[in-house]
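So, here's a batch of structures to check.
Consider the two complexes below, in which chain A is the common component and chain B and chain C are the respective partners.
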Partner chain A sequence: MKVSEIIDQLGLKVISGEKGLDRGISGAYVSDLLSDVMGNAREGQIWITLQVHQNVMAIASLKDLAAVILVKDLQANENTIHHSDEEQIPILSTSLSTYEITGKLYALLNKQ
Partner chain B sequence: MELNFSIEGGDFTQAGQASSRVKKVLKQLGVDVKCIKSIVIALYEAEVNVVAHAHRGHILIQIEKDRITTTIEDEGPGIPDINLAMQEGFSTASKKVREMGFGAGMGLPNMKKNTDDLQISSVIGKSTIVKMVNYF
Partner chain C sequence: MMRRFRADLHLHTVLSPCADLAMSPDQLLATAKRKELDIIAITDHNSTLNCKVVREIAADFGIVVLNGCEVNSQEDVHALCLFEDDHTRDEFQKFIDSYLPQIPNKPDYYGYQPVVDRDNQIITEIPWYLGNGLPVSLEEIADFTHYLNGLFIPAHIDRPINSLFSQLGFLPKELKIDGMQLTRYADEKHIRKLYDIHSDISLIKASA
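Let's turn to the complex of A and B:
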């Protein structure tokens, strides 16, 4: 499944990094601890988090993640958005909590 | 081949610059992908440690035929008890750093897990030197 395909189905907003919307999704990782993501997330995963600063994109890029979903309508910092466009890794936004969006994404990815 | 980077303490925008560059260089050199992933994790954590704890630091990357050696030398508070610092979950990071999602006490363990050889030496109140070797 591609990043673009989950946007409609989960009602996500695309904040930045539109050029990366055709990235393939291999799964997802949920964590707000950056070293946890650095050590354990895998290539092609969607990262669900409440962190909004630009180090999120540094990690997403280093780990070749498919996209980042920010929960609870949290706003990404300006330099985070800039970095997302530059790296072509989308930042997506949801009004849902981590629990809710993770459950929905899990169900969607396992339906395939 | 040698690469050099300088890091200013406290400037989180800089964290990841060295690891990003090294990742690109190793890819161009055709180094095994799994090996690159490990080096990138370890180097990123080292960068964050300098930014989070030290006044400034310097990174020297030496790439040889069969290995990459990373030496990170900083001017900072030093590490009083290295064995304690190596324990998962132990951290001396500030509140601000923790709020960013760093400082979970996973950095040094991540470095250990992702390098073939990790050596840390420190002079309290002066500096810390971290040397990491990864074989291709």
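Let's turn to the complex of A and C:
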């Protein structure tokens, strides 16, 4: 499944990094500790977090993640958006909590 | 000849929910004296309100006391913010007051948060839990600290939680720091290598 395909199905907003919407999704990882994501996330995963700091995109790029979903309508910092465009890794946004969006994404990815 | 000073720049008073009620200003200074400290900083969680009383009685102990606090940022990173004079300390307190989430403290669970006078009488208790993160980024806190001529030092960077490295993975490019603090038993060489900390960055050790 591609990033672009989950956007409609989960009602996500695309904040930045549109050029990366064709990226394929291998799974997902949920964590707000960036050190944990650095150590444990795997290539192609969607990362669900509430952290909006620019280091989020540096780590998404380092781990070659498919996209980042920010929960609860949190606004990414300006620098974070800039890095997302530059690295072509989309930032997606939802009004849902981590619990809700994770449940929906899990169901969607496991339906395949 | 160069004179050496012993300093502990991360200390909590009774005001911090994590601290013991015995951490009264006079007890704290007496302990600092016993440990032969020349300089200490008062760094309660998200508050500078007990700095004043400690500074007032510090002269009796021959110890220099710096104004400070341990701020918790939006990313849940703890950082020491130190201020030279009382005016800049008070300006920083206003900054904290404008951001601290108004979530009531639960003394039974977290501990009491009293501001005290020199006789250890409680002047007031802070009603909002002081351990919460402020909804402000670490960079904004650092910039405001520097605007007030203060020092900005990420706290206990070797801890697995609430540290710059646990929360943010690595030192952000735009963050201006004046040093980093290690916990008491940390191995400086190991930590420098582990997090690739440049030799230009000073590391200090502190008790908290």
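Keep this in mind: the second predicted complex is superposed on the first by the 112 of 112 C-alpha atoms of A that agree within 3 Å, B and C clash if a C-alpha of one lies under 4 Å from a C-alpha of the other, contacts with A are read in each partner's own complex, and residues count from 1 in each chain.
Everything below uses one rule, namely that a residue touches a chain if its C-beta (ideal position, glycine included) is under 8 Å from a C-beta of that chain, and two chains touch if they have at least 3 such contacts.
Every value quoted in this text rests on a predicted model; they were computed, and no experiment measured them.
Asker: With chain A superposed, do chain B and chain C clash or fit?
Answerer: Because the two structures are overlaid on the shared chain, the partners are seen to clash.
Asker: Which partner does A:4 contact after superposing on A: first (chain B), second (chain C), both, neither?
Answerer: In the superposition, A:4 contacts neither chain B nor chain C.
Asker: Now for A:38: first (chain B), second (chain C), both, or neither, which partner does it touch?
Answerer: Touch partners of A:38: chain B and chain C.
Asker: A:88 in the overlay: touching chain B, chain C, both, or neither? Say first, second, both or neither.
Answerer: Once the two structures are laid over each other on A, A:88 reaches no partner at all.
Asker: Could you tell me if A:53 is touching chain B, chain C, both of them or neither one (first, second, both, neither)?
Answerer: In the superposed model, A:53 contacts both chain B and chain C.
Asker: Contacts for A:77 in the overlay, against chain B (first) and chain C (second): which applies, first, second, both or neither?
Answerer: A:77 sits against chain C, while chain B stays out of touch.
Asker: Can A:61 be said to touch chain B (first), chain C (second), both, or neither?
Answerer: first
Asker: Applying the stated clash rule to the superposed structures, which of 40-48, 112-120 or 166-174 from chain C runs into chain B?
Answerer: Given the superposition on chain A, chain C and chain B clash at 166-174.
Asker: Once the complexes are superposed, what residues of chain A are shared between the chain B interface and the chain C interface?
Answerer: Shared contact residues on chain A: 32-35, 38, 51, 53-55, 58-59, 79.
Asker: Would you mind writing out the residues of chain C in touch with chain A in their complex?
Answerer: 74-76, 137-138, 161, 165-170, 172-174
Asker: In their complex, what parts of chain B are in touch with chain A?
Answerer: Touching chain A: residues 12-13, 15-16, 19-20, 23, 40-41, 44-45, 48, 100-102, 104, 106-107, 110, 113-114 of chain B.
Asker: What residues on chain A touch chain B, complex-wise?
Answerer: The touching residues are 32-36, 38-39, 49, 51, 53-55, 58-59, 61-62, 79.
Asker: Per the contact definition, I'd like the list of chain A residues that touch chain C in the complex.
Answerer: Residues of chain A touching chain C: 32-35, 37-38, 51-55, 58-59, 77, 79.
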